[in-house]
Amino acid sequence: MEAHDLARQGGHTVNGVDEYKESFDGIEVTRVKVRTKVAERRLGKRKGTYVTLDIPGLRRRDPDLQERVTQVFADELNRLLDVPENGSVLVIGLGNEHVTADALGPMVVTKLFVTRHLLEYMPEVLGNGQGYRSIAAVSPGVLGLTGIETSEIVRGIVERVKPDAVIAIDALASRSLSRVNATIQLTDSGIQPGAGVGNNRKSLDRETLGIPVIAVGVPTVVEAATIANDAIELVLNQLREQVPGNAATALFDQLSTGEKWHLVREVLDPMENNLVVTPKEVDDFMEDVAYVVAKGLNVALHPAMTMEDADLVTH
Amino acid sequence: MEAHDLARQGGHTVNGVDEYKESFDGIEVTRVKVRTKVAERRLGKRKGTYVTLDIPGLRRRDPDLQERVTQVFADELNRLLDVPENGSVLVIGLGNEHVTADALGPMVVTKLFVTRHLLEYMPEVLGNGQGYRSIAAVSPGVLGLTGIETSEIVRGIVERVKPDAVIAIDALASRSLSRVNATIQLTDSGIQPGAGVGNNRKSLDRETLGIPVIAVGVPTVVEAATIANDAIELVLNQLREQVPGNAATALFDQLSTGEKWHLVREVLDPMENNLVVTPKEVDDFMEDVAYVVAKGLNVALHPAMTMEDADLVTH
Amino acid sequence: MEAHDLARQGGHTVNGVDEYKESFDGIEVTRVKVRTKVAERRLGKRKGTYVTLDIPGLRRRDPDLQERVTQVFADELNRLLDVPENGSVLVIGLGNEHVTADALGPMVVTKLFVTRHLLEYMPEVLGNGQGYRSIAAVSPGVLGLTGIETSEIVRGIVERVKPDAVIAIDALASRSLSRVNATIQLTDSGIQPGAGVGNNRKSLDRETLGIPVIAVGVPTVVEAATIANDAIELVLNQLREQVPGNAATALFDQLSTGEKWHLVREVLDPMENNLVVTPKEVDDFMEDVAYVVAKGLNVALHPAMTMEDADLVTH
Amino acid sequence: MEAHDLARQGGHTVNGVDEYKESFDGIEVTRVKVRTKVAERRLGKRKGTYVTLDIPGLRRRDPDLQERVTQVFADELNRLLDVPENGSVLVIGLGNEHVTADALGPMVVTKLFVTRHLLEYMPEVLGNGQGYRSIAAVSPGVLGLTGIETSEIVRGIVERVKPDAVIAIDALASRSLSRVNATIQLTDSGIQPGAGVGNNRKSLDRETLGIPVIAVGVPTVVEAATIANDAIELVLNQLREQVPGNAATALFDQLSTGEKWHLVREVLDPMENNLVVTPKEVDDFMEDVAYVVAKGLNVALHPAMTMEDADLVTH
């Protein structure tokens, strides 16, 4: 779920919502806080903080930019993370590792500096653990391959591991072409693994797991219907501007409700409507962004770990 | 290059072009033959035969359909292939194996039943070669990774191997969403590896290689701009129909030349215009279609090989 | 743990142990049943049934043999499996999917026909489930990557999924070169994930999970020390035979206790003693044997599934 | 072919052979130069320079050591490389990329900073090429998959690309367990791709290609027979020492000719004698050593490239 445009609706800021923006070289950070029940209802979003890193250059494989993004991401994660320095975190890599565009979670998990077993069985290799949180990490798979609701697997593991917090990583479907492979999102309001069929029991959040849950998401796919719809919106707006007060305008506006989607469906009919697409360069992008997220997690989760250290342990 | 709509332009068949259609269960075969210089110029296509297999169900992982497609593909390839039963063929797997959507050629090459070395060094393992053509296969890589024009590599190898014909396999960019992962194309008119910057010297065809060249292509990607453009076309057509003779119509028609592309660019601006997308399920699809093409080649190239045999050698 | 030579020790059958052998074309099946506490102690093996399929030809990529092995494996699994036709099974793919020789479990899991979610949410796609058991499957990862004891993860999942039985798949270290990539082993006595440091709490068995546990193992690696040791044993035996009653014999026999291992260590010193090796062709072998095991599971677990059906669902 | 023990035979240095040794922190460099026809015959090695980097710690994934190895390797390569600063090099990645232990060459090729096409089509992106050699790179595949002798493919490409020199990268079979995954070898005397059936026509060397050829090899596999043989040698030596002048000694020495190999064969019989093994951790090792070799090549081949630059372009 993208939180980016939440705070402004119809051009003005909603009551009960705070929004801050900050810019770095090539990175724009937006922090939106939904504070009240009223705002929750109006935005259709749960109370919580939603942080978005917009990085249009992320698709261009620029190592310097990636380094800056890693640092900003680590900082933002630390703001959200409410776990003591000697606390424990369970990282959940959501998604299907055999579908490249969906594999972010499992890829990040394999790159983490996992310490829970070291701290338990041989703390001396970590200088008795000073500066290292107890990190565990699991990729639970997806319903279609396991036959089990992902949330069930996670709850089973949480009950035995008893971490202080969960961080869930997932590749997301975006509602906007411009965010695909160009955004990293964080929230403390939880996440729904899979297609999100709307069953609250299946969420991973503080309510269902009993501990804080931070979700980290990167939009990697977009529905083809979205691209078509955006194009149609745009041409209609253009026409409205150029034929103001015209009889045609009425027609367009009439169109903009039900008929527009009918049109979109017609365009996309051959692709069976719900075709989801991803940039052709998805293999390289996933490798890059998984590295950024994993290294950011390694730095944020272990106070003793510098960016240089993280390069050595983030494979 | 898609040949599918070649023969009909403006609603009627072009002179000097033959077109045949044939339907199988779930597969529509179109054979277009460009016969004259005039047709060549009018269509902007070289003389030659263009065969298209339209298989809308190919995306759905239906093993029965895949089996039928394999057989039809093998038959069509045999119609185009003008090589004696004891002749030799060099198969070229074009594309970048590290970009899933572009990896068709290299994937097919690894699944072929290659015989050239067996026939030379130990023909007895193939019953002295009766019913087996001499098949060699190479994946030359892409310019960006080798630093060498693919056509140069192929010519260097052809000069030493001296095959009777070349078959080049490649993943294609489609100009239509509906053909992505739903079409297999064959032609005897050659192919241009890579983005086709229009340098004839770089083609792989009878002229440059001195032997027949058959190209086999599967559209696996489409420009996002194409999706947007198709959507805009459609909405404009709809409006034209509903407001005929209206002042607005003139505006739309005016729009349809230069401005439309300006609009498309505006929609796609955030994605840097030339974004190329592929269905999210590209990993599974490539595996399936590479199997179909490789098994079809194995059956078509070796007269002694049955479909059952081919299952055992097509890994 | 290999059960193959269990029943005969010092040349005669141990009391309280049953052993049956059966031969198929290229496959030798041995079933050993450890029945009594006494036998348990003498063999150092828990009570239970140990089935070994010896298939020396398995390394040779023979599709016909693989087909026969699949059927024999499915039959043996069915003998051990005590689950009603409408019962439920959780398959656990043990091992590290990023280390090819250790990836058997995760590879099998991705090839299974998982049905638990289908039977729950859309039983109609399976003809209301007649002939299909409820199968779930999970790859829990390894301690070094998750930071969590594998047995803890499995217990957490078992508690929530509540299957009637667990089947655990794992790649094994063999104590004999001849069994690597040539044996499939089954037992109903449980399994210890990972290096088996001897902590009973960490076993996966009926005692710890409260339900039947069947382990399926394929030896894929062997310690280099084993190869060296076998070679030394052999040369000493040879010398003993040729210089009987000689003063040297006493020396050899003396050697055979502590010094022999010292010698072995000396040979292997450069490789840090505990070097574990796998045949160079491990990539192809793992692909083949994962297919055999997964297809065998699919056929054994779903009474309605024929070998032909299984080919379509075992990717 | 390992050159490591060449210069000393029977304990003294051979005439016509120079040997130098140099030690770095954790790396021992040996340079052997075979200078005369006589030495060539006595050593069974062609005239040329053989450089070996012994790095016992290379298996332990130590990033600091890897960095030092990269620098030493780059320096040694530069000593051997006789190409002007604006010259051109074709890198050949030998081996089968689908067999992990054999994939070094193809893995290195994908990590190289290839410049030939950039220098030809857009030299401005490289500051008009100052400090960058023209590098092209190809992975020709293996005979079993292409049906073509690798040397034929390479010669075809060399004839068209016309580089000043060739560098061939390959994974090697070692004759000693201690060198596997612990050695990097360089020579200017050429290389024979594949099993080296002894056909000189198939070598890649200055004679067959007409330009200097540098071979870079890393032993990644060893015959199981070698491990067994080493063990037997050792135990016999031990016995010889302990029973000097004994009747048994004669027996052992008699054994050491023909019978020893008979013994070895007996040990390895179940594995079909020619079993080739590789450490279980081959996946990680190949990734690490391919990075070291590729980064070393990038630094050595491009005078303008620092170690830091190389990190950014060596993916």
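Order of writing sets the chain letters: A, B, C and D. Residues in each chain are counted from 1.
The rule we apply is simple: contacts are C-beta pairs under 8 Å (C-beta built on N, C-alpha and C of every residue); 3 or more make two chains touch, one makes a residue touch a chain.
It should be emphasised that the depicted structure is a prediction, and the values quoted were computed from it without experimental measurement.
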Chain C reached from chain A - shortest hop count over touching chains: 1
Most distant chain from chain A by Cα centroid: D
Computed distance of Cα centres, chain D from chain C, in Å: 36
Distance from the mean Cα position of chain D to that of chain B, given in whole angstrom: 40
Centroid spacing, where centroids are CA-atom means, of chain A and chain D in whole angstrom: 45
Sites on chain B at which at least two other chains make contact: 98
In the complex, chain B residues that touch chain A: 56, 59, 98-102, 176-178, 180, 182, 221, 224, 227-232, 234-236, 238-239, 242-243, 246-248, 251-252, 255, 259-260, 263-264, 266-272, 275-284
Parts of chain B lying in touch with chain D, wherever the complex brings them together: 98, 109-110, 114-118, 134-141, 143-149, 152-153, 155-161
